Amino acid sequence: MAVALILVLVALGSVIFHLVSPWWWTPIASNWQYIDNTIIITFWITGAVFVAVVLFMAYCVYRFRHQAGQQAHYEPENKRLEWWLTIVTGVGVAAMLTPGLFVWREFITVPDDATDIEIFGQQWQWSFRLPGPDGKLATSDARLISPDNPLGINKDDPKSKDDVVIEGGELHLPIGKPVKALLRSADVLHDFYVPELRAKMDMVPGQVSYIWFTPTRTGTFDVLCAELCGVGHPQMRGKLVIQEQKDYQAWLERQTSQGFARLAPSPVE
Amino acid sequence: MVDVPLGPGGVVAPTDIDDVELYHPHSWVTKYVFAQDAKVIAIQYALVALSVGLIALVLSWLMRLQLGFPGVFAFIDANAYYQFITMHGMMMVVYVLTALFLGGFGNYLIPLMVGARDMVFPYVNMLSFWVYLLAVLVLVASFFAPGGPTGAGWTLYPPQAILSGTPGGQEWGIILMLASLMIFIIGFTMGGLNYVVTVLQARARGMTLMRMPLTVWGIFTASFMALLAFPALFVGAVMMLFDRIFGTSFFMPAIVEMGQPLDRSGGSPLLFQHLFWFFGHPEVYIVALPAFGIVSDLISTHARRNIFGYRMMVWALLAIGALSFVVWAHHMYVSGMNPYFGFFFATTTLIIAIPTAIKVYNWILTLWRGNIHLNVPMLFALAFIVTFVNGGLTGLFLGNVVVDVPLSDTMFVVAHFHMVMGVAPILVIFGAIYHWYPKVTGRMLNDTLGKIHFWVTFLGAYLIFFPMHYLGLMGIPRRYHDIADMSFVPQSAHTLNAFITIVALFVGAIQMIFVFNLFWSLRHGRPSGGNPWRATTLEWQTPETPPPHGNWGKEVPVVYRWAYDYSVPGADQDFLPQNQPGTARTAAGPAHG
Amino acid sequence: MASILLFLSLLALIGAWWLSRQGLASKPWLEQGATAALPPADDTPTPASKVALWILLAVIGSFFALFISAYSMRMQLPDWRAVPVPTILWLNTGMLALSSVALHGARNAARRGEMTDLRWGLVAAGVAALAFLSGQLVAWQQLTGEGYRLAANPASDFFYVLTGLHGLHLLGGLVWLGGTIQKAWRTSDTGSLRLPVDLCATYWHFLLFVWLIVLSILTGWAGEFIDICRQILT
């Protein structure tokens, strides 16, 4: 009796917790509303299954608890019932998988008008590189990294002239413009993670990975590292500032002038 | 140790040997230390694994203290924290769960349940345990090595695992960890061959595969998978050891570490991840399948009803075992691998949910119209279903590639895998110990203590891990020594963390009741008799309890029926032991039977 | 990961074939009595050690298949520079083949009951295997001499690791073979030696097979072969 009651409490308690607890995802700031929708679908389906299974168990525990003179029903199997359950499960699984795969295709297909930017991780700070007026990033290689070239940019590449490098600071992005973030790492695995963007991806030394997104909300967001990268992992923080186009432009110009000022004394190779 | 004809290949299956011919342990040392009796080896495995489990439990306390009350305990700095999580994870997954299910339960139950006198290669079996113990000692030694144990996370991802930014990366920690894993795998291979071949070759007369209890099926399938999956970890470990010690570049690309270029180039960190998860995902099922098997038998016995849909249960086990080798990259959706792999691995991963769901349905359908005795083992089995279903369903979030993107590397993942492969299998382990303890010792464990232990463990573990999902959903990343200064984390989340810590400390402490019960009941428990649960399977039919070496006295049992003849209509008792001859059944049940 | 998946699919096929003969679709609750479900009494059941050896070979097989998977993944990265195969490897291959043939002879001798042939077959196999191992060491020395040290390039890393691990497996086999030789000199009953010699021979053939695969990969033939297959398919 008590066991059945506690099982019911576990099922209902979980649902109530889900509905009333203050802990829920952060308001989204990118175009990945689809991901949130897929999660909601999954919550509905899995939640229904969980409650159904636990309540059914509770019922069985109560109704078929041992009593004097009682004997269990003998029934080795019931093929029809088992096949039905299998098919229903298959349908439920397909209902979660299909939207998931569609959204995934979207997730990995970068729109043509996306601007390339670079996000660069190293123990334990973030750096960023914006393409400047030409809209293109220069090539790079970890072997070119040096104190005056912290991102290992290929200076022989003409596209490198106007690239804007932001070390350890904030990344600003304009609202409403799709961005393709190219992800690189100098040393170990990192993961560019802004909870409000939903999208995240590991940065792997020796290769370039990517994500794309369109910021949809202005504001300042925490950039975290989501892949264990050594003892400084939790301290590896940055800021993502999403601004209106004109504020962004003003910021970018400031960065460009600062960048040139810093680059000017160094000898040109 | 004397009379077994050993030497190259000269091993004779113990079923063919008379009791007298089987080795005679002459001394205390050969009986209890360098023992070749599978039952003694099982207990050795179980005691070592449970001790490692206690160490890992203390480590989890320490990390929870830091998470719940950050900064209060100054000795848990980032370095120590990462060492604790790494050792906790690796110990629990490999050295506790794998060793306990296969080395512990496998050794005890396989020979007894299939009607054999012992494992087919007792000497190799003994070696397996000692090699395992060596692996544990090497692992524990890393606590005392210069620089301490590795803090690379249990996944040991390169390059950080062997660089100086990680505790133990450029010191002894990682070397000892990899060495210990390799030793473990060698030891396991010895044991695993035994478990598999014993099931294949040493079954009693009449014990067809389809008459085997699901416990044996689960352990058998899991052993097979482990034999094929562990080499992947071995290969990864060998290559990483070379990278660490000889400076090769298997996994090491060109790296600039803290401004200093390293003399490496061209390697692929993703290669290690593929190898690791090629082992790592089957490993999840290596832990789960024995739990599935055991829980099926617990439910069936205590509900006095045959396991519902036995054939489907066997097929589902085999299907899960096979499928688990083609889902590994679902751990790598955000690893930077070729994104098109996502389609394939999401599909295989969600397909594996179907046979798993079938198993859940059949467990609860076994309860339906049963005659449920809410004994302590049964309570644990019910709790297993709740936690396993919960954890399995959150697995559908993480397996579905795009849903995984925001959730991966957050506390949601931590909550998910603790629920599904931490709490759930451990509940089965407890249930199984309460169930088989009478066979091992001849005495029952104390029931009241058992119930206290059960309720605190089940509800406590649920309270720890269920809310944790929501911290992850909010975006709190895992493997953070400190979650201070995150603008999106409200104060209430810190309160919840403190709450989880307090519950975790309490639940951990209550495990001492269980340990006490284990020792107290050894002398003071109620004598159980040979078959206290009135179960059908062979281990309960031994002439003596606890079964002596050789298990069966003069004659090995002959098997006349499957393992689940409970409440057969027309029979004069509600269970028919597998070795009971005759056809007591009058009506063969409903038409679709 | 193609080679390990291929290898495991092969194992899965064997497993499925074996399981299909075990009556997995039968309804065990309808069968009562021991004899109904018993296979016909087999005069010579397969010895457990033979089954164990085959499973061990599956484990070792997956071990090498995984290494080959890793090899082929690492090989595609740009810094790969192929290692010239030392000529002595051909001699070594011959030695290993000879060792395998000698063991096969010993196995046949055990079946025929000829103790002398059996003994000398075992010894010859042991000597040839030792010659193979020393030859491998010479190959290592030559490569190191030519500057292909460990850690010089991933191709040479793999060369040392693969040959080394193969050698270790052979060394393990040699310990076993040593025990068998000792036994062969102590007894005059060939019957008791049949099984151990049989197991040795199987293990040796398997290691020869693995060596040929490894060799074909180190020489690059396997890669060429796969390319040709691809061209035919497309």
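As written, the chain order gives the labels A, B and C, with residue 1 at the start of each chain.
By definition in this document, a contact is a pair of C-beta atoms (placed from the backbone, for glycine too) under 8 Å apart; a residue touches a chain by one contact, two chains touch by 3 or more.
Fair warning: this is a prediction, and the values are worked out from it, not measured in the lab.
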| item | value |
| --- | --- |
| B-C against A-B, pair bridged by the larger set of C-beta contacts | A-B |
| Identifier of the chain whose CA centre is least distant from the whole-structure CA centre | B |
| Centre-to-centre distance between chain C and chain A (centres being mean Cα positions), rounded to whole Å | 45 |
| Chain A and chain B, separation of their C-alpha mean positions in angstrom | 31 |
| Interface hub residues of chain B, defined as touching at least two other chains | 265-268, 306, 310-311, 564, 589, 593 |
| Two or more partner chains touched - positions in chain A | 76-77 |
| Interface hub residues of chain C, defined as touching at least two other chains | 27, 29 |
| List of chain C residues in touch with chain B within their complex | 1, 4-5, 8, 11-12, 19, 22-35, 37-38, 45-53, 55-56, 58-59, 62-63, 66-67, 70, 73-74, 77-80, 150-151, 154, 157, 161, 165, 176, 179-180, 183, 192, 195-196, 198-200 |
| Residue numbers on chain B that touch chain A, as the complex places them | 78-79, 82, 151-153, 157, 159-160, 163, 165-167, 169, 253-259, 261, 265-270, 303-306, 308-312, 334-336, 339-340, 342-343, 346-347, 350-351, 353-354, 357-358, 360-362, 364-365, 367-374, 379, 382, 385-386, 389-390, 393-394, 396-397, 400-403, 405-410, 459, 462, 466-467, 470-471, 473-475, 477, 479-483, 485-488, 490, 492-493, 496, 564, 566-569, 574, 589-590, 592-593 |
| Chain A residues touching chain B - in the complex, by the definition given at the top | 3, 6-7, 10, 14, 17-18, 21-26, 32, 34-35, 38-39, 42, 45-46, 49-50, 53-54, 56-57, 60-61, 64-66, 70-82, 85-86, 89-90, 93, 96-97, 100-101, 103-105, 107-108, 122-124, 141-143, 145, 147, 152, 183, 186-189, 191, 193, 195-196, 198-207, 209, 220-222, 224-234, 237 |
| List of chain B residues in touch with chain C within their complex | 7-11, 13, 120-121, 189, 193-194, 196-197, 200-202, 205-206, 208-211, 227-228, 231-232, 234-235, 238-239, 242, 246-250, 265-268, 271, 274-275, 278, 306, 310-311, 314-315, 318, 322, 325-326, 558-562, 564-565, 581-583, 585, 588-589, 593 |
